[in-house]
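So, here's a batch of structures to check.
One chain, subunit A, appears in both complexes that follow, with subunit B as partner in the first and subunit C in the second.
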Partner chain A sequence: MNASVIARRLRFGPGAASAPGALGLIVFFLAPVVTLLVYSFLTSGRFSVARPFTLSNYDATISAAGTAGAVRNSVLLGVLAAGVAVVVGLAIASWLRYYAGRLQNVVLSMIIISMFASYLVRIYAFRILLGDEGAVNTVLDTLGIVSEPVSWMLFSRFAVVCALTHIALPYVVLILYGAFRPLDPAYLEAAQDLGAGALTRWVRVILPTMAAPIGSAFLMTFVLTSADYVTPQFLGGTGQQMVGLLIQTNFTVAGDWARGAALSFLTLGAYLLCYVIMGLGLRIAKLNTIRWGT
Partner chain B sequence: MSESNPPRLQVNNVTQRFGDVVALDDVSLSVNDGELVSLLGPSGCGKTTLLRIIGGLAAPVEGQVLLSGEDVTHVPAHKRPTHLVFQRPTMFPHLNVFDNIAFGLRISRVPKAELRSRVEEALSLVRLPGYESRRSHELSGGQMQRIALARALANKPQVLLLDEPFSALDLKVRLAMEGELRRLHRETGTTIIFVTHDQREALALSDRIALFNQGRIEQFAPPWDIYQEPCSEFAAGFVGDANTLTAAVSGPGGATIGGQPVSLPGDPHAGTYTVVLRPELVTLQPQSEPGPGLAGVIGDLAYRGSVVSYEIDIEGLDRPLRAELAAALAADMNVGDAVRATWRGADCLVLDADDGAS
Partner chain C sequence: MRSQSGGRIQTAVTFAALVFLFAPLIVVVLFSFHSSGSLSFPFEGFSLRWYRATFESPQFRSALENSLIVAAVAAATTLVLGTLAAYGVSRASPRLKGPLALTFFLPITLPGVFLGVALLIYYVRLDLQLSLTTIAISHMVYVSPYFFIVARTAMDRLDPALEEVARDLGARPVEVFVRVTLPQLWPILLGATALAFMLSFDEFVITFFVAGGDTTLPVFIFGQMRRTVDPTINVVSSLLIGGSLALWIMAFIYAAVLQRRASAKKTEPPTAAASAVQTAGAPAEAR
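Entry: the complex of A and B
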């Protein structure tokens, strides 16, 4: 095949229409990731990297004193926030699907609009909510439940989990609401007719048919929240290092780009592993794809 | 039926409203053990609403539902010994055929060995043994409805409720399923309530038909009676084909339809009556032969294989009279021929006088 044939294929062939897409992927996804991957194997200077290639960045990152604690913190906060978001999101999505009636579109739009608000604004909102003079304390005080403001709420894991859950929730609701669409109420009535009470319907029909979307929603928001490095800075207590913060510190304050990159890729690897494990689990349970009838 | 043996199912004065819509208006119904009763009526007349109330998926605003004499009006569906087959297939897509049929049995904790034998039994009842490991996307619409039947039957329901289970199927599959249902009913002796808007299906399947019209039961009788002696113009028109004619009676022997003298059975009093006449009971004679009957002209004719359908334009009637003749008798009648439509006196049904006299 000579060059002109190849050129013609490229210009007019069936692949031509997908060329912009491929270009987009390369520019926005592949190139930055590959650059960072290369960094992680180079030797670090201050705010620079240079040859020779080495594995020491990975070694050093894994054995560094702060890493284990940061990982623990990140996983804990991520699991808590994503877990709460999935549970609450399931409740909201199923309510929207089966009970909301005409309110459905209104509530959905409100959820989507809430995502438009700036991330920082929403974090600050939690300061206002949870602070000593905040809305929560005011209500508790007015109701006479407490005599002094509850001061442990702000600048704590609790505040971070609240904010992260809040950020994750709209994604969960949208994913699960879409997933609930094909689960016609008639399936749930059929289950009830066969003897399934409300709990049994959840356990035997809703959760298994929604397993894959629930897994996706959990994993997506787990990644989103466990890697967050802004919320802990604004709402967290002292001494609660997180992986996202470590990476940021490596790239900014410490100027150790290679280690920052190595930690990034270790994190990415961990997420991929979670993804693979979830996929395998769903496949073994034969719940990876549900084929709905027409 | 003895006192100690209450009917399998009793519906007493059930009324159901949705906002301003009265879906069921004071409906009462009693079904004996082992009966197959059809709820027949046009779409939107409240059949599904009643079935859901019987099955416990909804509670009526007024009235009672009794199963074997026990009031279950407010017992929810999952605690009722009734099982429903829905109009659209509801086979759980995450479970195979075996697990679908075992769904109810597992919830009621039937022991493993018995569970297996009951699933197999249900599968052979619907003639799909060997399909245990299939998923819903590997089945046709008809097969899915059979699985739904098996899933309900495996739980040995006191009353099996079927909501137009075959209406989404092709005609051919549907006819086959009707035969299957008759056989199933014979073999299991289950009490069945069968909802349909298809009068042909209801006539072919039922021990008794409850004919619905706008949330009320118009007539509740065996198919034969419903067809032979419809209680109203609606019943006559909905079940089978019928000519409904208006007859004026001026005195004894003085009945006319469209101004032409006819004789009506039972010598009714003076007044205006609705007369029901099935097309297959009408015979046609050339006008050249003298005799009684309504004189008219053949306006249209359709050959239907075993029979020929005629429409006869009769003077004084705003609608043509329909007649259906065995093809063998119809050979020499054509469009434009002047004919006389006759029937045996007892073959037409005179409904109550429109002015209230009887």
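Entry: the complex of A and C
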């Protein structure tokens, strides 16, 4: 009995082609995540865990001295980076859609190319760009804007937000550019003919129709940036704790796996909550689905 | 909308953003050619000494080699499993479609640090030695959703009539897949494989946790960054930028060539259908 006969007997559909990949993800994605979840309820040793099951990791994580500060910092930096990326991304995407003309493909390609620069390279670049003798200070000095180097730029929240925005911006532009495509210039021209100024067109036409993609671009960027653990290490000032960094330290330095696991799931839960709230908000405001008339 | 006054703010922001996106990269590349070890202005002249120093470093060479191996293994495995997965999902029964697609999409939704620590404790739990193998497995998990999204979109766009014709003419499912479905898709699959390769080559956030003693190129850069500010980091960074740029340009030219060929073929539309008929009509030739 050969394989195809067996397959026919078991009535495998073509869906069976997914089986090897799905199996791989069960073993090396779902199982690790479940393991982490179980670990978050175990008692921590050093770089190990043991029974009994307990809720104390969640308790201890929430009440730990450093947690509140790290959360505040992560939220602040994540919101700043995501906010800047979305506002700038909206400007770029609308430019690409309505004003770019022949430059559209060139600028779009440039943005995609910038995406291919290595993640670590971007972080490193801001370190040599923002230092006392870095390119930014050199330019400011040459132009006569400042007489002595601006020293607050490097190792600060500013530097972290710069790098995080740099990482997030190309993704945001691509998402929003795609979202602008169905918004035909004719809609905006109609608004203009009816007397709507530029601001009114943005507030009453563009932003409502783009609410869902703007929301998902913002949240995606927020998740991406607030969980980052490398940028604050290299560009943040002393004591710039962030949640991602706290998770990393728990696992690789402190060896407190159970606490790290608890913090991971608390963070994940918070992100999930953000998505749920956004989804509900869009639904209540009836902005979740836009019907494009012809 | 075409009025001259309109869009001034957008234009200004766009060009400022391009400066913001490229200035850091240009500075990195510029200082990789610096003749002195200083990473600040004034620029004292060009030299290739840091490139020489980098290529002579055994740590750099082994990191590069490791990165190439890991990315090649991860991309090749993703090509095979991801293509099958995308085919299965796009041809699955409506009831299976949603949950299956979600499964393959799921890894992309987790922040890297989360995936990294989950895989770390899992490998330790299984007593798997942290090594290039664990890096490669982790990279497969990380790159697979990207590949899957591209491949599935392409599969969904295929004309199902071609496969039906082949089946009606007696081709077995495997033959339909290999001789009708794949030939239409391989350019896109190749592009998605290149994307998987690049994502793996550049991955750091997850790799950091699962690397053990083995060093990939991003792990090597991370180590250098921790110790000093050193011009060889600029060299490695510039090589990474140059490498991905070259790959991207190649893909771009390739896509343009394909497009031209496709539009040339449009004058004789039935070729694809005809080849499907031929394929199915001669199943004996398949083996």
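Operating definition for what follows: the second predicted complex is superposed on the first by the 267 of 294 C-alpha atoms of A that agree within 3 Å, B and C clash if a C-alpha of one lies under 4 Å from a C-alpha of the other, contacts with A are read in each partner's own complex, and residues count from 1 in each chain.
Assume a residue touches a chain if its C-beta (ideal position, glycine included) is under 8 Å from a C-beta of that chain, and two chains touch if they have at least 3 such contacts.
All of these numbers come straight from a predicted model, not from anything done at the bench.
In the superposition on chain A, A:V230 makes contact with subunit C only, while subunit B stays out of contact range. Of the two partners subunit B and subunit C, more subunit A residues are in touch with C. In the superposition on chain A, contact is made by A:R204 with subunit B only, not with subunit C. When the shared chain is aligned, subunit C comes close enough to touch A:G134, but subunit B does not. Judged by the touch definition given at the top, the superposed model places A:G45 against neither subunit B nor subunit C. With both structures placed on the common chain, the touch criterion links A:A91 to subunit C but leaves subunit B unconnected.
Contacts of A:Q192 after superposition: both subunit B and subunit C are touched. By the touch criterion stated above, A:I290 is placed in contact with subunit B alone, subunit C being left untouched. Judged by the document's definition of touching, subunit A residues 189, 192 lie at the interface with subunit B and also at the interface with subunit C. Here subunit A touches subunit B in the complex through residues 184, 186-187, 189-197, 200, 204-205, 208-209, 286-287, 290-293, going by the rule given at the top. Against subunit A, the residues of subunit B that register as touching in their complex are 55-57, 76-79, 82-84, 86, 88-94, 103-104, 107-108, 135-137, 144, 148, 151-152, 155. Within the complex, the subunit C residues that touch subunit A are 1, 6-7, 9-11, 13-14, 17-18, 20-25, 27-28, 31, 39-41, 81-82, 84-85, 87-89, 91-93, 96, 100, 103-104, 106-107, 110-115, 117-122, 125, 137-138, 140-141, 144, 148, 172-174, 177, 198, 202, 204-205, 208-209, 218, 221-222, 225, 229, 233-234, 237, 240-241, 244-245, 248, 252. Subunit A contributes residues 4, 13-22, 24-25, 28-29, 31-33, 35-36, 39, 88, 91-92, 94-96, 98-99, 107, 109-114, 116-129, 131, 133-135, 138, 166, 169-170, 185, 188-189, 192, 198, 223-224, 227-230, 234, 244, 247-248, 251-252, 257, 260-261, 264, 267-268, 271 to its touches with subunit C in the complex.
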